[in-house]
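As structure tokens, here come the structures.
Each of the two complexes below includes chain A, the first together with chain B, the second together with chain C.
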Partner chain A sequence: MTHHHKEYDVVIVGAGIAGAIMAKQLGEQGKQVLILEAGTGTDGRFFDQGKEKGYESYMARFFTAMAKIPNAPYPNNPNAPQPLVTDIQKPPLDKPVSDHGYFVQYGPDPFASTYTRSEGGTTLHWLGTCLRMLPEDFELKTRFGRGRDWPISYQDLQPWYEIAEQHIGVSANADVQTYQQIDNPSVQLPFEANYDYPMEQIPQSFLDQYLAKGLQGMQVEIDNQPYPIDVVATPQGRNGMPRGDYRPVGAVGNPDLGQRCAGNSNCVPICPIQAKYSALKTLEQAKNTGNVTIETQAVAYNLEVDHKTQHISKVHYKRYHSTKSAAYDDKTVKGKVVVLAAHAVENAKLLLASNVANSSDQVGRNLMDHPTMLTWGLMPCKIGAFRGPGSTSGIPSLRGGAFRAEQAAFRIEIGNWGWSWPEGAPIATVPELIDEQNLFGPALRHKIAEEYPRMFRFGFLVEQLPDPDNRVTIDDQYRDQLGNYRPVIHYKVTDYTRAGMAQAKEVSDAIFQRLGVEPFTKYKTSDPGYVQYQGKGYVYNGAGHLVGTHLMGDDPKTSVVNREQRSWDHPNLYLVGCGNMPTIATSNPTLTMAALTFWAADNVLNALDQY
Partner chain B sequence: MYHKLQKRPIETLEQLHYDLQLAIELEFSTLPVYLTALYSIEEGTNQCACTVIRSVVMEEMFHLTNAANLLIATGGSPAINSPEFLPAFPTKLPDGETWFEADLQKFSPEALQNFLNIEMPTALAKEGDITIGEFYAGIENGLQTLHNRMGPELFPADCHDKQIAHKYYYGGGGELTPVTDLASANFALNAIIAQGEGVPDECWDPDQPFPLGDTTGIGSGDHQLFMQPRELSHYYRFNELLLGYRYVQGDTPNSGPTGPAIPIDYHLVYNVVKNPQPEHYQPYPAIARLDTEFNLTLSLLLDQLHLAFNGQPDLLVAAVGTMFGLKEKAQSMMRVPLPDHSGHNATPTWRYIAAKDRPGGC
Partner chain C sequence: MYRLTDFYRLSATLTGYDEVELQGTGVGPTYCKTLSQWVRQDVIQELYHRAEEIGSLECESNQAQFYERIWNCAKLGPVARNIIKMWYLSIWYQLPADWNALYGVDDFSADKQPVEDYVISSNAYIQGLVWNALGSHPMGAKQPGYGTWAFPGQSAKPLNLD
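On to the complex of A and B.
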């Protein structure tokens, strides 16, 4: 066997959705691609076959997990550790830092989101929401004097949105998603004429229909301006009824499964039949080109720069032997082009560790999330809680508007699974009925049958502005067992966002009153995400939408990548993923990120042609 | 009166409709057999067996829909929600096979042998034994006969849009294509015959290898008819389970499967009673009530399917939810031991309850 270093056309770090799309696009054009993935994988298998590697092994782990958190099915691996929502603590007042779990948190507020370090990345546990950004989201600075502008417009990204929607297999109806029916021009989306999504929209839940009827004609006032409250189906990356000749991709490793969403009710953390899109499907397509190799258990830790050309000359990585020990081989690989697709936090960490791409001093900065405030209560009648996908509709009419000059915009998500998020229902709430309310037998059954189907929850995904002080850094004190850096996070939720939360709570109160919902919302000072605004308390959760950290811009002094998503500092280094997004706005970022990545893949192909 | 095959060549449109209705009943009559075995497997165990049976079930529903589309395309109307639509088990299949009975029973080698009988290719059957394949061959011939006489009028244009479109078809099993002429009608029929029997062409040689695309037989190997990867016919897929090994590239019907072992544990199966009759449950009101609830769900499903196949296809979306209800009710019943100390658990009887016999509010 020879031991020469193979040189690839492209080395991609990270086998999540961005890395998978990049690899598939390049592999299809005959480029030789290597993906380095820090976590473990499934080997493209559905069944375990006793080897703990198939998708079913994730299911088995999920079934036995005590806490059904987003990362519950996915191995927590000391060689590629990942954050868990159960690690999140309020940064203590008397100490400057909380280093519980993977993140080291300096606060002052806790960063509450997580991601998955495994082949397939965070699409393994995403909900599948595929919203486009609004045209005004790309021009926040120009229009509202807040945040930053993107170097590209909605119109620039429009064709790539279509490609991403076709690839992911989004179920939605374009005539609904233009929001033309909403009496707020700020949110209306221009779609290309005659365009429609590849699959028809997932049927709206009974709850959605109940809300739509009950809220018909409702308005709220912000700054003396009326805004409608309209219920609209949410576009989703899960298989519905195909339009025309479109055929969705089956489950990886078992094409007999994975066709249409059957309402299994656990999209997060895992769809048992893979009706929900995950990057495993794209990775399979990438591998089938014959030009893409995936090396799992390979943690990139340093990028070497040729100081004459400023090219990234080598990627150094640690290939560990198993998850059970810290033994590893130190390896390097070369690529004509290097693409970092390792997630916003991991990309920033790797860049900082390598001291590259950071002439702007913006690497790791401007970390954003959607601080997500929940409200919950009991509906006056049974609304079929705990059925279907996690959410099938939302209220998008406050995603945009003149008020963004003063306070955050937000999107309202309608949750189909009762109080599962705020209270852990039904699993965590039954012991309380037994232990504290002393219910048993028929009385217990009656209580469950009467109350659980009435459980109702809203989620308010509140906008956050890019703030250079909200950042990921590295610190020699904090390393994992392979000696790699752990992310050190500074994070706060500013008044702009808190004002949005306060506004959201007012809207929620008005809706609850109109529908006769008995409120059960409790914001406890002991909750890690407890914040105050104008004397009132609110609690935010993480949305898992990690954005910023290497954002795109027109100016090398203030941004990390240019509009082609290429590093300003290194001609053969491309960054992809949500880290490129200059603002988070109100849409779940995956679709926008996927669209950007299809564009980036085109740019990489053009660049390779010039070598 | 329960339909039975009338052995005769199809000469009239009425006879064709009769046989297509019978085909729908035939396809549906296999579902209680397969689903009883599938649901008896403890959840999360015997995954290979579950996925094979499940995919065959989906293909049976695909066949049912193809047969219904064919009936609709030739001006007929499927009749699905009636007590006569479902046989009482054990039963002889409605296409006139007399050499075995289909049983409701737990997943077991005996059940798999029963499945093999149902899916027996004509070429393997004993001389004189009727098979499903022959029954469909009769329909194929009848279509040709009628087409010779009627021409394109056999497929009236106003029947094209009444058929079930692909988008409604719950994933897996195949591609529904509209039936508009003799070629598309034969295409739909071929999908049924080839999946069920894997019927080889005239020069079939049982020592010829299967058309498998790779070395394990688990991966791909597209068959253009099905729009999905590697497909052995039902008979051979069940045979893999019975023998516990996969067919791989180079294997033939005569060689048997020589590939990887299929892990099967017959202990992880609820020991449900064979061919239960409603009378069995009369002494146990709680179990009888579970059975009735199951049968009410089944009846709702048949009502929804009937309406869906008669001009309201959107009801298929709701029917998917009903199918899951069926599974949930069957499984909760199968977890209940019969109090008769027989060591058996309960299992549904699969009876249609007519609207007039249902309790109020259903």
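On to the complex of A and C.
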């Protein structure tokens, strides 16, 4: 390898969706691009190539994993360690949980989200929900006196949303996604006239239809104001029926069947037929431009600054030989432009380790997620649980409204896989039927047949505000085996968010009552995510939506990047990923981040023209 | 040595699936082998033998015998429960430590238990009976096809949605 002798137009750190979009856009314009990727690769990326190292090896790992957690299919790699949901503990009051897993957590509340460090990044195991943000989400401070405003508006981002939706291949119907049918103007979304998504809406599950009918006309009251409860299909980054001559990238299998989502019900952690979008598809397109090189097993650990120009002059990285040992070569590479796309936490870590881009002291701060509260129960009749994509609909009616001055907004996700999230059903729950309920033979079979198809859960994705004390830092004491920093995290869930959780629980109770759902929700004090609000207990989980660690703003004193997503401090350094987002609002963040990344790629191209 | 026919007969009683259904999964021989890997031959023989003596569980007095002589028996109960879990979940769970102390160790080998619970194989996961029992398909395999989730599902009765 001779990369360290060569100067690239652009060096990108990270081969997730953000890095892949950037590489593809630049490669298509003839720019010479190198992607440094910390994780291992899949060689032949698609299903039918390379059984041993390819995508299929992930499937085998998944099938035989005891805990089917989001990272289960992807190799554990001590040279590019990643957080696991099974590592999450309640931080003790007096000392950090330093020994458990990758994150070092100081609390007071545990940060419960994870990501993936292998080629393709976290979209390997994302669910694929692709919602736009609401116009009011961009102006939280102005409208509600909370959080921050974005330096851009919904209108500014709107054309980039369209590009991102076309690229990911989102399945949805625009007339449904405007939310014009919802009697709450705060949530309504302006779409460009005549615009539609590239693929038709994924059919709603039987459960969705059942809920939609049962909840028709339902309202809840917040601050004496009525809000409707409407079930709406969710836009999804998985293949449905293409509109016109649109064809999704990299679909495998039978072109009449395999291209579409076939209902493997396994989107998190891995879609066996790659009907779900992952960044591997964009990387394939990037490579096909002939101008993009991906170097895997390459962990960037330092950015060197030319103090005369303030340009990033070199990227230092460790190229390890295998996942089995810590042996590595120390290398450097130059790019006219450097783009960090290593994910919110890793971007912040790399900036802090290099002591760059931080004149505002905001790097690593304002870490946000969607604390996700679940409620679950048994429907009065069989609704055919454990089928289809993880979620095909939600209840978006409380994503916005005047109440945001006082408490968090939230989006309700309808889960299609029974109690798999809260209880690990069926694998984790069947032993109890045998060991404690003493069921066997036909009685066991009958119990499962009668009860499991009635299992049902909601997920409430609750908004969090940017808080400078919720942060990622680094500490010399905590390093991984390559000698790189481990993320040290301080995190709390404030009353604003807790009030949203309490409100969400009330809405859930009202829905359960209306539908005759037998509740089974239990919030145990021993749960790591257990929190209290006004004397009542709730439990949150991580959503995997890590936002805010290098946020965008219009003032270099209070933000890390400008609206072009360029570092205020270094003219040739761009940051991409959810870390740029000043607030998290209620939509899963990746679509918005992808839209921003297309925009950033345009800005990089313009900048390169000036060299 | 393991006896596949005995294994299927006992498994049918324990799982509530008939022998033809069990054979259809194709993983019976693997499970039978797994059993004899972790449980002493004489214990397995005793289990088969008692099950045969008790006979069909359709009559109530046989059921009482089954509970007494197998299900609640300190020696055979945990093995019987492990066999059900193997079929339903494709996992071999470690037998309890106190069971192991009494029955797990034979004269010839010191360590007769795996160090942790494990999934027997990829194919076993796919063939787990629990998926069929709950009226669906194993998550990640045996895909039912585009849009099938919009219909009531094999086990759900069609509902009146008008």
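Note that the second predicted complex is superposed on the first by the 585 of 611 C-alpha atoms of A that agree within 3 Å, B and C clash if a C-alpha of one lies under 4 Å from a C-alpha of the other, contacts with A are read in each partner's own complex, and residues count from 1 in each chain.
By our rule, contacts are C-beta pairs under 8 Å (C-beta built on N, C-alpha and C of every residue); 3 or more make two chains touch, one makes a residue touch a chain.
In this text the structure is predicted, and so the values were computed from the model without any measurement.
K.L.:
A:E56 in the overlay: touching chain B, chain C, both, or neither? Say first, second, both or neither.
P.N.:
So A:E56 only meets chain B here.
K.L.:
Between chain B (first) and chain C (second), which, if any, makes contact with A:A327: first, second, both or neither?
P.N.:
neither
K.L.:
Determine, for the superposed model, which of the two partners chain B and chain C contacts more residues of chain A.
P.N.:
C
K.L.:
Could you tell me if A:R247 is touching chain B, chain C, both of them or neither one (first, second, both, neither)?
P.N.:
Touch partner of A:R247: chain B, not chain C.
K.L.:
Could you say whether A:G263 touches chain B, chain C, both of them, or neither, answering first, second, both or neither?
P.N.:
both
K.L.:
Quick one: classify A:R445 as touching chain B (first), chain C (second), both or neither.
P.N.:
second
K.L.:
Taking the superposition as given, does A:P203 touch the first partner, chain B, the second, chain C, both, or neither?
P.N.:
Both chain B and chain C are touched by A:P203.
K.L.:
Name the contact category of A:A67: first (chain B only), second (chain C only), both, or neither.
P.N.:
In the superposition, A:A67 contacts neither chain B nor chain C.
K.L.:
Could you look at A:D435 and tell me whether it touches chain B, chain C, both or neither (first, second, both, neither)?
P.N.:
It touches chain C, and chain B stays clear.
K.L.:
Where on chain A do the contacts with chain B and the contacts with chain C coincide?
P.N.:
59-60, 63, 203, 257, 260, 262-263
K.L.:
Please output the residues of chain A touching chain B within their complex, sorted ascending.
P.N.:
Of all residues in chain A, those touching chain B are 47, 49-50, 56, 59-60, 63, 200, 203, 239, 241-243, 247-248, 250, 254-260, 262-263.
K.L.:
Help me check something: in the complex, which residues belonging to chain C touch chain A?
P.N.:
Listed in rising order, the residues of chain C that touch chain A are 13-17, 57, 71, 80-81, 84-85, 88-89, 91, 93, 116-119, 121-122, 125-126, 129-131, 133-137, 139-141, 143-153, 155-157, 159, 161.
K.L.:
Show me the residue ranges of chain A that touch chain C in the complex, using the header's touch definition.
P.N.:
59-60, 62-66, 68, 203-206, 209-210, 213, 257, 260-266, 270, 272-273, 381-389, 392, 416-417, 420, 426-427, 430-431, 434-435, 438, 440-446, 448-449, 452-453
K.L.:
Which of the residues in chain B come into contact with chain A in the complex?
P.N.:
44, 47-48, 51, 54-55, 58, 166-168, 170-172, 220, 227-229, 263, 317, 320-321, 324
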